[in-house]
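Both complexes shown next keep chain A, but they swap its partner, so chain B is in the first and chain C is in the second.
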Partner chain A sequence: MRTSNPCIAVAIVILYPALMFAGTISGKVIFTGTPVKQKPISMAKEPSCEKQHSTPITTETVVTGANNTLENVVVYISAGADDASAPAQAVTFTQKGCQYIPHVIALHTGQELHVVNGDQTSHNIHPMAKTNPEWNKSQPPGSPPIVQKFDNPEFISVKCQIHPWMHGWFAVLKTNHYSITGDGGAFTLPNLPPGKYTVTAWHEDYGTQTQDVTVTGNETKSVDFSFKAKAY
Partner chain B sequence: MGGKIFAVLIVIIALASAVPIISHTFLGASVTPPEDISTHGKAIDEQLSVTMKEAGISFLAAQLVLGLFVWQFANRKAGATKKFPGGATAMVIVAFLFVGAEVLALGLVGSKAWGMVYFKPAASDALQVQAQAGQFAFYFRYPGPDGKFGQIHPDKIDEGNSNFFGLDPENDIPARDDITSGELVVPMNKEINLMMHAKDVGHSFYVRELRIQQDFVPGLDLAVHFTATKVGKYEIVCTQLCGLGHYNMKSYLTVMSQEDFDKWLKSQSN
Partner chain C sequence: MKNLKQWKFRIAFGCLALGALCILPVSAQDAPDVGPHPAQPLKPMESHIGTVTGHAKGGKMDYRRYCAGCHGDLGDGNGENTPWLDPRPRDFTIATFKCRSTPTGTLPTDQDLFNTIGRGVTNSNMPVWNSFSDQQRADLVAYIKIFSPRWEKEKAGEPIKIPAEPPVTIESIAHGKALFTKLECWKCHGPEGKGDGPSAATLTDSKDQPIRPYDFSSGRDDSRFKCGSTNQDIYKIFMTGVDGTPMPSFADTIQPNDAWDLVHFLRTLQVHRHSKENDVLKAAGGKIPPYVEKPSEAPSQPSNGAAGGGK
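Take a look at the complex of A and B:
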C-alpha cells in the first residue's frame, strides 16, 4: 500500500533520528555554606490575607530542601537548542493569600501569561521589566485574569504595588527546554536531539551558572550545579 | 418686606448650624470623640472643646448681629444709612484686629496642649521606634538588643526580601539585630519616640485614640512622642492621599504590658 501523504513520510524520515536519539539532561541544584534565614512576613495591614496563614509565611528569596538542595532555580538550555515557537498553552501566575504562587514561573517569549487574583482584596501587579515594556495593572477581587506576553528574554522581578512584601519572578526564555527546581532541587530537560548545549542555572539571589553538555544519543546526561550561599 | 424675610432666614440658618456645635457638648456618646488612650489626649480634647465653644458662640453672635442689621436697615434707600466711621479701610483694620485677637487668644490657650506633643522633646529614656511610610504600608523598626539602629541605605531597600528600611547587615553590625515589624507594638505607660520618615511620597500617621496625626514629609526626619495608657489594638491609618493604594494603607498599634512587650520583642528577634 502506498503512502497517501508524502509529507508524513518526509516528516518521519526527518524526525526519526531526533525521536530515536532524544537525550535528557538532568541533575540537582545544591548550595554550599549557610544561607540567610528567611524572614517572616507581617500581613497586618491585610487581615483577609493574614487569616489564610496559620503561621506567618516567610520570604522566598532562598528556599532550600533536604540535603542542601536549592529550590526555585530555573535551569534551561541557553544555547544549542533551536528557538522553538511559544506553546499555545498559557502559563498561570496566581495571587493567593497575598503571595505569588508559584514564586518563580518560566515562559517562552510570546507565550501567554495569565495573572489570576484569588484573593478578596485588590492587587496591583508590577513586573519591573527592563528590556520588555514595563507595566503595572490593578486587579480587584473577582476580576478576570490579566493576559500579557513578553517579547524579549529577561528575568523580570515582579512586585505588588499594594502589598510591598509580595515578590515573584518571571523567567522569559527563548526556549521550551527549561525546568524549575522544586523540593529536592532536581531538574530534568528531556527531548534533546544529539548536539552541544549550554545549560544555565539561574537563582534570584545567587546569580547564574553555566555548563556545556554534549548529548550524543538516547542517553541521560547528569549535570549538577552548586551555588555558594550568602550569609546575608 | 424682602429684607425682613432675609434677616429671619439668616437667623434660622445660624441656629440650625449651631445644632451640631451644641450637640458636641450636650448630646453625649454619639458625637463625642473616640476613647483617649494617651497621656496628652485630655489636653487636646479640652482644647478642641474650647475652640468649638468659642468659635460656635462667635459664629452665632455674628449671625444674630447680621440678622439684626438686615432687619433694621434692609429697606432704607441707598445713602440713607450711616457709614462706618473712617470708611472701608478702618472697618477692615478693626475686623483684622478682632479676628487677630481671637486667633492669638486661642493660640495662647492651646499652646500648652500643642507644645506638649510638638515642642517638648521626648524624655531621654523614651523607647525609640522608627516609622517608615511607603506606598502603601507602614513599617516600624526597633533597635534590637544592642540598642542601636543600623544605618539606612535607600539603595539596599529590597521589599521582596523584607528589607524595607534598606539595611546592610553584611557590613553594618548594628543593623543585624534590628527588628522590623508591620505593626507598631508598644509597652503601656512608657513614652515612645516615633522617628518618622517617608520612603516615597507624603503620608500621614493617624491614630485617633492617640490623638496624634502627623504627616510624613519626604526628605524630612520628623518625630512625635506619646505614652499609651491602655492595652488594646488600635488602627493606624494614612490620612494623606498618597496614590492608588491609599485606601488600603493601614497598620495597627498594639499596646501591651511591659512584660508582654518584652516577650514580643524577644519573639521577633531571631
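Take a look at the complex of A and C:
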C-alpha cells in the first residue's frame, strides 16, 4: 500500500500533460467523380444465406453515403505516434448472411482476431496475406471462433472460396490510432499528445493518401481526404 | 521425286543440327553466371533430411541450371519459361507451400520440400527429379530458403499427428460421405468428386490465377495426388490445407478418426481405381448407405441440469 501511492502520483504527473493536452484529428472522406456501380450478388447457390436478406445485396468495393462521402476507409496515424502495444481485447470479424461484418476491420499487429461463423453453412476463411504467413481454414456452422494474430502490418484481402462473392479486408496496423469511416464518411482520431503526425487514409480500391498534421495542444484539427473515383 | 524427298530430309536435318549447335553449348555446361543474383554473400541456409545435411552453397549451381528456368534466378517464380506455364511455378519469396505435413500458415519441414522435389507435382510442369542424389535434393532445399526471410525468423511447423488408420468399413465410408456433404467439400469438388461443384468455376489461387479443384473421378490405378498418393497423404491434404489455393485446413473442425472416415470415402470417389475402399463398397452392394449417427459417438446430453453445471 505504501509503495503504490507514490506510483500513482508519479503516473499522474507523467500522464497529466498528455491527458490535459490530448488533441484530436477528425474529418471526412469524400470522393469526386462517379464511382463504378456495384455488382449485384446472387446467393441462390446458398439458400440459407439468401433467405436472410430481404433487400438486394451488392459488392462492397466502394460504399458511398450522402454528399459524396466514402465509407470503409481506414484512417490511421502512420507516423508520429509511438507504436503502442496491442490491446488485450480481441477484434471480431463475423460471417453472417454470407457477408463479412464489418467489411473492413482494423487491428494492431499481435492483437487477437476472432473469426465467427454466424451462418448455417460452412465458410473457409482465407486471408491472402503476403508479408504475413498465409493460412486458410474451414469453419463449419456451430464451430468455435477461429483465433489468429498477424505479426506484420499489412492490408490483407480476405476471401471465402466456398462463397466467392464474400470479400473483406483486415487492416493490420502498428498503431491503435485508427478509425474506419462509416455512414457519413467521418473519422475521429482522439487522444493524440502534441506532436507532428502523418495521417494516412486507405481505401481498398482507391489506394492511399497521406497528410501531415501538427497537434499543438488540447485542440481538434480538421483534416479531410478526397479520393478520385475510378471509372471502372 | 525421291531426290526432292531426300533434299527435304537433308534440309530438315541441317536445321536440327544447327539448332542443336545453338542450344548445346549453353545447356551442356554450367549455367552462365550472369543475370540477377540473390543477395551476396549467399545466406548459409541448411536443411536436414535424415542423416543428410544440405547447404545452400551446394545447391546454387544445380538451382541455376535446373530450377531457375521456371522458378527464376531470384526464386520469385518468374523464370524465362513462366509465361507459358500453368499452373505457375512456385514463388519461393513468399514461402507459401502446397505440400506440407505442417499446419496451415506454417513453413513446411525440410523433408516435405525434399519429398516434393523427388515426387514432382502432378498436373503441373514440375517433373520428378529422381535423377538427383539425396545430397543434391537436400542442397536444393537449403538453397530455396535464401529467397524468403521467413526461413530465418520462423521454424517449420510441428507436423500434424496422424493416428493409425482404422479398418475400412462401409460405416466409415458412409460417415465420410456425410462429412463430405456437411463440410461443403462438394461445393468445389462436386457431389461425385468430379471437380464440378457450384463454386468450382470461380476459384483462383492466391496470385489470382484460375485454379481447378481436384477431380477424384478421373484418376485410374496410377492416379497421383499433388502431395502424394497414400491414404496418409490424403489425410494430410485436408488437415493441413493446400496453402496458396482455395483448399482450406480442416484441422480445427475434423476429429482425427472422422478424418480417416473421410479418407475412406474419398477413395470411393476414385471410381476407376482399385482400392480396398472400393472393394468394401463393392461387397456392400456398391451403394453407400445413409449415415446413422451412433448414439455413443454423439456428445452425451446430461440427463439433468446438475451434470453440466460444474465449475
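The rule is simple: the second predicted complex is superposed on the first by the 228 of 232 C-alpha atoms of A that agree within 3 Å, B and C clash if a C-alpha of one lies under 4 Å from a C-alpha of the other, contacts with A are read in each partner's own complex, and residues count from 1 in each chain.
Note that a contact is a pair of C-beta atoms (placed from the backbone, for glycine too) under 8 Å apart; a residue touches a chain by one contact, two chains touch by 3 or more.
Since the model is a prediction, treat every value here as computed from it, not as a measurement.
> With chain A superposed, do chain B and chain C clash or fit?
Clash: chain B and chain C overlap once superposed on chain A.
> Let me test your reading of the model: by the given contact rule, A:128 touches which partner, first (chain B), second (chain C), both or neither?
It touches chain C, and chain B stays clear.
> Answer with first, second, both or neither: which of chain B and chain C does A:232 touch in the superposed model?
first
> Using the superposition on chain A described above, determine whether A:52 touches chain B (first), chain C (second), both, or neither.
A:52: touches no partner chain.
> So, does A:61 touch the first partner chain B, the second partner chain C, both, or neither?
It touches chain B, and chain C stays clear.
> Examine A:164 and indicate which partner it touches, taking first as chain B and second as chain C; both and neither are also allowed.
In the superposition, A:164 contacts both chain B and chain C.
> Which partner does A:209 reach: the first (chain B), the second (chain C), both, or neither?
neither
> I'd like to know which partner A:140 touches here: chain B for first, chain C for second, both or neither.
second
> Regarding the shared-chain residue A:37, is it in contact with chain B (first), chain C (second), both, or neither?
In the superposition, A:37 touches chain B alone.
> Tell me which stretch of chain C runs into chain B once the two are superposed: 199-207, 217-225, 235-243 or 271-279.
Given the superposition on chain A, chain C and chain B clash at 199-207.
> Considering each complex separately, which residues of chain A are in contact with chain B in the first and with chain C in the second?
On chain A, the residues that contact chain B in one structure and chain C in the other are 45, 121-122, 124, 138, 159, 161-164.
> Could you pull out which chain A residues touch chain C in their complex?
Within the complex, chain A contacts chain C at residues 45, 121-122, 124-126, 128, 130, 133-140, 143, 146, 159, 161-164.
> In the complex formed with chain A, which residues of chain C make contact?
94-96, 103-107, 150, 154, 182-184, 187-188, 198-199, 202-203, 206, 241-253
> Hey, which residues of chain B end up touching chain A in the complex?
Its residues touching chain A are 134-138, 159-162, 164, 169-170, 180-183, 244-245, 248-252, 270.
> Write out the stretch or stretches of chain A touching chain B in their complex.
For this pair, the touching residues of chain A are 37, 39, 41-46, 59, 61, 121-122, 124, 138, 157, 159, 161-168, 205, 231-232.
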